[in-house]
Amino acid sequence: MTNEFWSMGGYARYVWPCYGIAGAVLAWNLWAAGRYLAAAKLRAARALAMASSEAR
Amino acid sequence: MTVGAWEAFLLVLHRELCLSFRRPEQLFQPLVFFLIVTTLFPLGLSLQLSALRDIAPGVLWVAALLSSLLSLDSLFKSDADDGTLEQLALSGQGLTLIVVAKTGAHWLVTGLALVIVSPIVAIALGIPTSAFAIMMLSLALGTLTLSWLGAIGAGLTIGLRRGNVLLSLIVLPLATPLLIFGAAATDRAISGTSTAGAMYFLAALCVFTCTLAPWAATAALRITLE
Amino acid sequence: MNFASDGLEFEKVHVWRGDRHVLQGISAHVRPRELLHISGANGTGKTTLLRVVSGLLRPEQGSVTWLGQSITSSRTEYQAALAYASHEPALKSDLTAIENLRFAVGLKRRVTPKDLLAALDRTGVAACAELPARVLSAGQRRRVSLARVLAMRASIWLLDEPHANLDAEGSELVSELLQAHVQEGGLALVVAHRDLALSCPVRRLELNS
Amino acid sequence: MWTWFYKLASPPYVYGVAAALRLWLFGAAALAMGYGLIAGLAIAPPDYQQGDAFRMIYVHVPGAILSLTVYTVMAAASAVALIWRIKVGHAVAAASAPIGASFAILALVTGSLWGKPMWGTYWAWDPRLTSELILLFLYVGVMSLRSAFEDPLRGDRAAALLAVVGVVNVPIVHFSVVWWNSLHQGATIVRIGAPKMPGSMLWPLLSMWLGFMLFFGAVLCMRLQAEVLNRERQASWVREAIKS
């Protein structure tokens, strides 16, 4: 059963890369968005710090 | 004392033509490019004239698109660089009118010129003379549409450093329908089958673009002029 | 020339460029027969303010009104009454001085070559009328651009550094032109570093960052 | 009515909603995709024509549909931002573009992987593949235009205009490629008619589509938070927001 499942009726070499790429695209989206948000937060924090240091 | 819209349109058109003919080398460059590209294709493929006929419509149209794109970069950019675009924008005439006049002039000196030299290229590519009329008409419609698509792209990329690369990136995807219908019309004219379908589509695209693109190009200019 | 009673007003104009808050709530009211002298150090937004007033740049907050009407609602009429001279002379180098004037002024009002020549003569560059702008010196280009402002016969002048590239005599000319314009009932906004040395009423707006 | 509209589009409100929705959307997306994967890969029977190769549908079709949906979202947000000068619209458009582009790439790559066993070639000038490629180019154009401007505000507005122009163009491109294809009679295309699908095949597909939609929503929320922060100038609420 497992073997049969993994072989995908002979189409394994197309089906699994297909799902692999889908997984990769979804993972990239998560990773890139997370990094982008972190960078934006850092930038905002820096801007705030600069503004408050100027105010003093 | 005020200047009517038609008068203003003619004045801008006159200005553009005047500027183009003061720089004839800029006028000829796209045409020479068109000739060179279409000559390179047969050389690269080393085909017989008869076999060349099959790829001729595609070659002709791709070369026409690329060569009109070449001159689009300067449509608004040279005026933006020396500040005269601001003067035109503040002239008290609608910006759309100025955009229409400038794009129209651009088509006259590049698109129409391309249409006029296209028979030379067509002969070199083995296109029969019976197909010339349809080929030239389709090129005229296609280059006019492309001038308008390009006006939007040129308006959007005025102040940018690598503007011309971006311009191609923006305009070429929008121009795929032109390539498809234009090449199809030429292809059918060569084989002697009915060209009506493709020509109607080309004409429809042309009318559609000429109606909407002036507003889009004006909006683009307003954004980049800020 | 028809000059209305109420002039040009801009109120609490805010403009950002990227993260930079270039104009931070600038207001002023300029009436006919008045001249507003805008000064300030480099990068304080003098040119930006002029572009906002001209209608080229829409402020993110604040309004510009002409004769009590927002300039965005009556843009073409407003801009027809406006002569703007940017920091660069805005000439096409392939066209002659008089052609440059003709294609710019001709959109505002019907002009004859004689009008244009008179304007060029007033700014002292009548001799350059038939020369392409390419061969003119920086000072001559400035004078041609002043002639363009003059020939437009507009009621509002927006001049950005009109003295740039001009010699002492040229600066004198700028002052004379401004004075005559204001005395005829026009209004002007002038960006300049130096003192304008005018006898007409001059209001000052100093920008700082 | 309008005050309500502007409150809805105010940056702090959008930031808060996006932050709160994010986790729920991710959770729901994981559930929907989980069911879709198991049911699609293991439970659904092989297709009588394509065998197990048809299982690629469960990522290819949602990816392709989403690439169009995201473009529509981007163009709609751009239009709103241009017409009413609502800055959050630009933030939504900027946040959507990279997600949509990634889905377009997904649809193209999985499409060509599916094409190999079915058509015998990785690439055919099939109308759908060609339009998808043009769509990807449009995404790239919008993103490059936005980043090419030094002033982010102008970049936003230029990109928004291009997005709106593009959305008019996508149907024309698709239609013209269909017409062109009918002219050329290229490779025979095996089509799967969705309505004819039995439920055991269809449900996983719908579930995957829903999962992709929810996933888009979740990633959009994350990116939207970042874009709103990047565009914000009134610092008062930002201080509170980035602490959490």
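We just call them A, B, C and D in the order they show up, numbering each chain from 1.
Everything below uses one rule, namely that a residue touches a chain if its C-beta (ideal position, glycine included) is under 8 Å from a C-beta of that chain, and two chains touch if they have at least 3 such contacts.
Just so it is clear, the structure is predicted and the values come from calculations on it, not from any experiment.
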Please state whether A-D or C-D has more C-beta contact pairs across its interface. A-D
If you average the CA atoms of chain A and of chain D, how many Å lie between those two points? 15
Taking each chain's centre as the mean position of its Cα atoms, how many Å separate chain A from chain C? 53
Cα centroid separation between chain A and chain B, in whole Å? 42
CA centroids of chain C and chain D: separation to the nearest Å works out as 48
Send over the residues of chain D in touch with two or more other chains. none
Overlap residues in chain A, where contacts from two or more other chains coincide: 47
Considering chain C alone, which of its residues make contact with at least two other chains? 19
Which pairs of chains touch, using the document's own definition: A-D, B-C, B-D, C-D
Chain A to chain D touching residues, read off their complex: 5, 8-11, 14-15, 17-19, 21-22, 25-26, 28-30, 32-34, 36-37, 39-41, 43-45, 47-48, 51
Given the complex with chain C, which residues does chain D contribute to the contact? 150-153, 233
What residues on chain B touch chain C, complex-wise? 1-3, 8, 11-12, 14-15, 18-19, 22-23, 82-84, 86-94, 225-226
Contacts from chain D onto chain A in the complex sit at residues 41-42, 46, 51-53, 55-56, 59-60, 63, 98-99, 102-103, 105-106, 109-110, 113-114, 116-117, 215, 219, 222-223, 225-227, 229-230, 232, 235, 238-239, 242
Touch list for chain C against partner chain B, complex: 51, 54-58, 76-77, 79-82, 84, 86-95, 99, 103-104, 106-110, 148
